[in-house]
Each structure stands twice: as structure tokens, then as C-alpha cells.
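Structures are listed in the sections that come next.
What follows is a pair of complexes built around chain A, which joins chain B in one and chain C in the other.
And then the complex of A and B:
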């Protein structure tokens, strides 16, 4: 990309990173090309499908819409970072179960959206889960399966007292 | 985590780009390529060593335009090189001059067009019946072009080492693609290897389009003698890749004094795009489904493909049949009104009778009636229909409604096994055999070798659970071999219908054979089974009188309930009830998941915005949120599976696409009291109907 290059320091998956890039470079491209984190997918490229969701300072954002200059001193958690967190083990297992019936393209974005929800609410109800997924599009129409999986995982936690 | 085509491009590979025509139509008078920097290559139509036309599932289009431009965005030159920005600059400096011609718009399909294929089907004396008719009911129904919206855009990675070509492609038909590449590069099949990468849910959008992008990547790799990555961006994919065709269907029905249909005349116009297929399966399906599941003694159907200047058309789930059933069902709802019967009663009285010889739907009554009755029962259709009709009668105009407008609609449709096989057969006449292989390894592990890719349709899950059940193994011990043309046999192109009607029986035969061999041999044991499509088609041609003629058709009845805001006409779907005949169910959970997902997609295409590629000035008119419903838009979906113990599992994935749009339209018609005659039905469409 022509033009100036900026130096950035931010936290990516709980590690401090330093990067030189054009200020307009998309976070999506930074993750995929500069850091090889290909779990974040490029879907619509216009912030509508949620395939490229990441957590930025604890909030879910479409990384295709986040320019590099907005990253300074921020905390980014991509799907790779989320999957390594122990608190999301149950969700990861639930997704593996329903994965067999879907193409899996939207999975990472959906898991990020759910992670953002579960950070604020440990036992969400079906409506809250649907609302959290409202920015994610699934071509296989698997929303009901995902909602069910999250509810089941919450009820497992309740039953076994794991919080 | 799945690895898609966008994830596998090596960093050192060259990047490809397509130079596309900025004009809609004309003869090329000058096409000048600028001087290329070192390390950059280009390919034009004249550089293609073999055949420059790609064919898939009966549809065809050129890899690159040569002397003329037929649509906006037609590929003309391919470039590859290390830097995408330099490639973009090269594209911007291509000089294209052409003698422009005025394009044929597609807004009114019945206008003066060049006709392509024409199909006629007739029986009885239609003219006489219309002369004797007491009343003639006419209707004109439109269905829009549909966008596949697969989540992963088209792409391919090709590597030519001077002798052999390796191709990573997101395709539904790896062996078909290999044949196409061999013809394009004039290479022997053993020199081309296709490795199919996982495909996002594609609605059959990864057939012809995947061949095109893979052929382009292969040409670039062949020319540059390097590895080339060619991935379309979302915009070029949305605007220029083949779509499902637009249809206009005119229905005329002659009624007797009691309101019974004595003759039907149907005219079907299909937008064939700029490269219309010579033998179009979608048109044939539309013609044969023109009067749905109903009885009529005299019938005449004419189907026409029209040549327009819209991007090429391609395969789409239930293409042709869905549009014809939409028109037939919506037209029948008008006949119900004239006969003053509710939809359930009218449908029941007019269903094709057992043993009658009208059309292809002979002998279908019992199961059709069962699904109809079940759908009526679980949705409480009769009570709701009467209640909403009473509200509609009390309300003189729509403006008087201060509360949400409610309506409920019902439809009946079948997915014809013969139609599926015809469609599969026409995909490539020379590949008439399907083969599947099973290997039992040490530790009781089983590997399934097939060329079916999954595409989010649950095919692999279905196969794994079937093998687990038949061989009494744990599903975790069964795996599907990654699809590579050097390793797996040719099971044909991937569609769920084919996987179920052709693949599952082969798999079951393999399992039986493996069980026998297990008694005498030790692992590893390999079994392989093949079937010729001709053999499969033969009994379906009606020779076997002992079987019900409709035993291999899968029936579904759909009920949709909607609620509309009386001011904005924004609609909320309150529920969808789908009753499906499935044959012997291989795996209930997978079947339910598939049908629920397909129902949601069908609902999206019924109520969300019409896909319009571009306006004349090249503006994009819709985005992907207009095409797929989101999590908050999911209504209550109840899918009931009617399992018939005898007979194999049936293809069923088309059924929601056949049943949901007409049921949704009928529900909107009841809610608003308007005659809505097109799909998708947006707020604007209802507003237009109101103003008419």
C-alpha cells in the first residue's frame, strides 16, 4: 500500500507485538498475512457477515473494518487466542459436535461473538445468545444448533458447579 | 479448524488477477496489453492451448472473451505476478476499445428476444377445453435471479512443474474439473491432479464457477511455470459469477361450472443469460413441474430459454422446479378462492390420483396426502386459516388495520428421483459411472474413499454414521479420505441428492462386502463398488409395474405463518412447519439439521431483497445481509420426518426450496388481501401491489 508507514505496539493473544504497516491496513490482513492467524476469515469484507470477528479490548469487532492506526495500545484476541483459553473449553467441544453438520466457515466468528457474550454473562439465555450472534451470518442456517450447544454447555457447567 | 481455499496460498506463490470488460456488450476492436515488468505474465484467449469453452452440468461459458464482450465483467485477460498492487496497475492500463452494442435488458422476459431452447409438453385437447370453459383464470408469476452467497469466494491454487499440474480447488466436482482442465491445457488426465479443499455451503455454486476460476489459475501457472493463487474478491464474485436464472411463468386455467380445472396452459420464459445452455436441465425441470402435483385432463406447457446480456447462468439448488412449483402453487391459491375452498381441501380434491397417467406424477396420491394431512395437523392450519380469513373479511381496506396483519399459507411439492438422475446424467455424458471405496485398516479403523466433498451438507457425517451402524463400529474410528483425484475414485459431482440416492446404496454394498471379507481376510481389506447411472435410471422409467410409480419421489408439505406490520409491511415469519417423506433415514439428526438449514435459506430467498447484480451504471444493489437471514430472524421451524421403512433414503434437500416460497407468498397474500405474484416479497413489492 503506498504512503506512510506507522509503527504499532499492541497486545495480540496476550503477547506484546510490534508492527510496521500502512495506517489503513485492515486488522484482518494484519492477522492473516503478518501473523499467519488464518482462523479469522474474510467473508463479505464489509462488516456484515461476522466471519472476521475478533475481540478488541473485550468487545467483538469486525476486523475487516478496523484500520491499523486504531490498534495502538489495544488488546486483540483472535479465535486462536480464544481457543487456548480454558474458560472456553466447553464451547469449543460443543462446536466440534455441531461442526459435522455445517461447512464451518462461520465457526470462528461465531465463537468470538459467544466469547464476548460469555465474558459479561456466564449463563446467557436463548434470546441473549441470538442477540450476540446477530452480527454473524451462517450460510448453513445452523443458528438453532449453536444456541442449543451454548445452552447445553451452560447447563453442564451449572450441573457440575464449574464456574 | 477447517482450511478453506483462502488459507492455503503459499506466500511465495504468484498472485493472479482477472482483467474484466467494463462494457456490457460489443465487438472488440482493440485490446492492448501494456509492457509487463519482469516476473509478470499474461494470458489471453488466443494463448489457451486446448479448448477455451468450459462445460459443467449442461451450462457452458468461455474462459476468456476473444472477439466480443457479452456481459459486464466478462474476463478478457489474466495476469499474474508477485505484487497485487502492480497487478492492479497493469489492469488499469489495459487498453480496450470496442464497437458498443445496446444490451438486452432482462426486466421484461416476454419482450422481443432471441430464443434459445424450446421445450413443449402437451396432452389432451387443450384448445377444445379452453373453448368449452366456463371461466378462464390467468396469472403471471415472476421469480428473481438468485445469488448462491457461498461464504468462501471462488478461488484456486495451481502449480505447474513443467510436466504435471497440481490444482487445489474449492469445487463440488473434482473429477469434472480435472477433465475440464485437461481439455483446456490439452493434457492427459494423469498429468493433472485436483485436490479438493473444503467448500463453504455453496447451493451448487461451486460447479461451473469453480471450473472457471480453476481454469484461469491453471492457465496462469502453465504460462508462468510457477505456483499461482487466484482468489476472486467478494465484489467480483457477487457481480460476475453465474447465478440461478430469472423466470417468468404465465398460467392459464380453464375451469368448468363447478370450478374444477379442465385444462391448463403454461408458458415458461427463462432468462438464459448471455451464454444460454443448449440443453437446459432447469428448463426441463420447470416444464415437467409446471402444474405441480395436481390433476388436469388437458395440458400444454411451453418452456423457452431467452438470450439476454446478463452474466451467464449456472446451477442452483432446485433451479427450474422451484420456480415452476412457485407459480403452480400460487396460481392454485387463486383457484381455491374461486372454488371457495380452503387450501387443504382444494389440494386434497385435486391431487393426482393413483394410477392415472397424467404427466410424470402418476400414482403419487397416498404419500402426498399423508404429508398434507400431517402438515395441516401440526400447524393447526385449518383453524388459523379460518380465523385469518374472517379477520380479512371484516377489514374493508388494509388501511383500517391497526394491528399486525396475519396470514398462513400451505404448499405441496415433490423432489423427483428421476429428475435428479437426469440432472446428474447431463452433468457429463461421458462420466456415467460412480465408484466408491472402503478400506478397513488395522485397529478396526475404516476409511471412506469418495469424490463427494462435504459443502456443509452433512454428507460425510451421513456416510460415517451409516458405516458405523452397518459395521457396528464407533463413528470416531471412521474417517473420510481427503478428496484428491489421485487417491479417491470418481463418485461424480457432489449434490446431497446424488450422495443419498447413489452414494449411500454404494456405501451399503461396500459394507456388506466388507463384512463378508472380514470373515476370511485380515486387515487391511479394500472393497470397491461401482454403478452405472444408466442402470439406476432403467427401473425408474416405469417398467416395474409392481412398484408405486411415485415410490422414489420424496414429498413435502410446507406451512408458513407470517405477521406483517400494517404500515411498513415489514414481515416476521411466525413459524414454518415442514413435513417430509424421507424413505429410510440414514441419520435423523443430520437429516433434521440439513432440512432446517435449507428451510432458513429458502425463507431468506422468499422474504429478503432480490439479488440484482448491477444497474446500467455498474452500481451494486444488494449486499449479503439481504440474502441470508440472521440469528434473530430465525422463526420457529418444525421439521417432521415421515419415515417409510421400505425403500432407500430419498433426496430431500430441494424440498424446502420448493415448498417455502409459495407457502410464504400465500401467507402474505392472505395477510394483506393482495395478489402478490413474485418472489422475493419485500416491503417494496407489497407497496407496489397496493398501488396497482
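And then the complex of A and C:
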């Protein structure tokens, strides 16, 4: 049936992509199944756990709540795209140094939430970090480690300047 | 898979004409509530109805304009962009409930229009919009009308929309209040949630105007005008005797709003406590101002 398929053009991780899919397909499934970007995880599928966060036009959104038809002409940055950003290298180092995560299931969602924060605030304080992470659930309780990692990365930037 | 036809109009005129021609279509803006209902099993494809009108590209519904007296908020504007106006522009009594809705990522999708029109998330913005006398603009292809929040939401909680009508704008008055308070209590389930919004202005030792509203009862937006008018010109601090007599009035108004069950009695008691607490806060704020 022709009505079942829509053609979409959008930017995914800084590359223009074309996609044909059912208009009701979730962005989460488009990323995982159509593009093989499995860093975006499926948790609750109701927009509550934050495991499936991606950046859409610079704002974090739950990809399980976004249907395909809302994607046209948008810019999507998944965790794979965020990790390749140079500005995010420092934070990745701090996560590793502090061993911020336990099982790591929530890590991609948390890092997307942090990327959204760091786009607007270069050196956020602990309160701002906690507020940015308020939509990310971590069963292992790694919140304090994540906050510490971001603060450490900010203080490293202050000490050594931007690289 | 079910056939779904999605319209993506760019102008309001086009949207209204489309909706008149396709009255059975689903209006979709943020979709945070709708997609939860249409998810099937593990997801993959949302089971939308046959026709969907996507409002995300309609410029007129996605902007804010500000005059000296009002803030006009497009109904398809996401909550994050509204909150970016900050506490200094947005009335504090409205800022509080909006900033408490869901998570930051959901607020990037969810819209104020959706919060007003979707029954399941009404505990949040409606009481706040009601106490500041916000107006809602409803348009069809050939007509425009304005209504209050109280008359938009029926006794049963359904939005009072005529055929082909769309909520297009929310007009928020930019008045100064000496005291504003919003509280939401209870669990996340709608039936258990009770919200309270109140604002007051008391410039010269007496109350010039005091509005309060309860949300989450049988009437989704409960204002008690008789009680509000009794407080007009009352000297501040308001005496305990007057507060007690106001509580008796509130009891009468709450009579048909709650069921005679343990939960109903709890809700009634909570509504009374919230009102008393609000009045005590008004009193202490008035003393600070002296």
C-alpha cells in the first residue's frame, strides 16, 4: 500500500540520509534496525528511563517517543555521533578514570543528556548536571560517579585549557 | 501493517482546511501521551489511526509573542522553549508546574496545547492557567473564538472543541502578583493527583485580588468565585476566624467533588490543608511586605 511508506530525508550523525519506512516507525527502531546504531538502547519504551535518548535538533529527546514522520528535515545525533565529537573526549576520559558506570546500560542515554547540557553550558555545576540527568534512570546507582566525572572534566579544562 | 496517512501542513490556514476536510484525523504535536497509547507490545511501529495531521511544522503554532500585557504561546510549542523564558517573564505560578512535568527530554517534545487537551495529564498546567485567567484561542477554517480554561474543560474532563476546531494559542496575562503558589500532591496516577494553584495581590494592607484553583477533582478545574469574592478587600493578615469560615465554604464546594470513600475523604482533607497553607503563606508574605 503506498500510504504505508513515507520517504524521509534527515541528517543522522552529520550525514544526510534518505529512508523509506512506515510513518509510525519509532526513531529508536530506525536507528537500531535500519542504521545498525545499537548504542541507543531500548529500556522502558515509554519515555521514562532515558536509555534511548538522542539529540534532535540539539535537544535531547526519547527516541522511543518519536515517530518517523516527525523526523523530516531534522538533525539527529545518536550516541555514536556524540562520541565522535572532539569536545566530548575529555568527559569520556573522566568516565573511564572514575569508573563512573557499573553495568553501563544507561551510559549512552546519560551521555546524550550530558551532551545536551554541555551544548548550552560549558562548565556546568553539580546541580545543573543532576537536573540534566533527572530523566535518566540507573539501576546500579552510578549517578554520583557521573556527576563527579563531568566536574572533573570541567576542572581539567579550566586547569589545562581547551585542547 | 496498518495504512497511515500523514499530513504535514506548514501554515495554520492549511492545517484548519485539512482538519475540516478530514475531521477524523489525529492532531499530533509533541505526541508524548499519544504514542504511549498507540504502542503495541515491544513497539517497532506505532498503531496510529488512519489519518494524522502533524502540527510540528506549523509556524503559527510554534511561536511565542509577547506584548506589554500578554504572552501568546503557540499550542504546539514544546514546554522547554516556554520554560526558557524564565521565571522573570513566565508567571511563577505557571513556571512551577511546567518545570515539574516529566523529564527534560520529554519536555523537549511535550507541548502546552497537549497538556491542556489531553485528559491524562491535566493535573499540571490547567489550575495554574486558570488562576491567572489565561485565555485559549480556538479556531476553525472560518471562525475564531476565545474561551477560559474553566469553560474549555467540561465537567467530565473533555475539551469543548467544536467540529474542525483547533486550540491555536494560549494567552497568558503578564500581571504582577505579590504571592503565587503551586503544589501538586499525590501519586503519579491521575486519579490520585491533586494540584493547587493560588495567586494574590495585596498592595495596601488589604487583599485586592486572590484567586485559587484546585485540579484533579471531579471538575478538572475547580474555582470557587464566591469564596474569592469574600476575600476581596479583606484586611491582611487574614484572621483565623475568617479562614475557618472560608474553609466551611470550601467544604461545601468540595461536597460533590469527592466520593464518600477513604480516598475521597483524604482528597478533601488535602484540599482543605492546601487552602489553609496557602492562606498562611499569604499572611506571612503580607507581614514581610509591611
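FYI, the second predicted complex is superposed on the first by the 154 of 163 C-alpha atoms of A that agree within 3 Å, B and C clash if a C-alpha of one lies under 4 Å from a C-alpha of the other, contacts with A are read in each partner's own complex, and residues count from 1 in each chain.
Keep this in mind: a contact is a pair of C-beta atoms (placed from the backbone, for glycine too) under 8 Å apart; a residue touches a chain by one contact, two chains touch by 3 or more.
Note that the structure is predicted; figures quoted are calculated from it, not measured.
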Contacts of A:75 with chain B and chain C, given as first, second, both or neither: neither
Partner chain in contact with A:39 - chain B first, chain C second, else both or neither: first
Which of chain B and chain C A:107 touches, first, second, both or neither: first
Which superposed partner A:51 touches (first chain B, second chain C, both, neither): first
Contacts of A:29 with chain B and chain C, given as first, second, both or neither: second
Which superposed partner A:130 touches (first chain B, second chain C, both, neither): first
Contacts of A:141 with chain B and chain C, given as first, second, both or neither: first
Residues of chain A contacting chain B in one complex and chain C in the other: 1, 42, 45-46, 48, 131, 134-136
Chain B - residues contacting chain A, complex: 1-4, 6-7, 85, 149-152, 198-201, 233-235, 454-456, 458, 460-461, 464, 589-590, 593-594, 596-601, 623-625, 628-632, 634, 637
Complex interface listing, chain A residues touching chain C: 1, 3-4, 6, 22-26, 28-29, 42, 45-48, 50, 53, 56, 59-62, 64-67, 69-70, 72, 113, 116, 131-132, 134-136
Residue ranges of chain C in contact with chain A within the complex: 1-6, 8, 28, 31-32, 35-36, 38-39, 42-48, 52, 54, 56, 80, 102-106, 108-109
Complex interface listing, chain A residues touching chain B: 1-2, 38-39, 41-46, 48-49, 51, 79, 98, 100-108, 130-131, 133-147
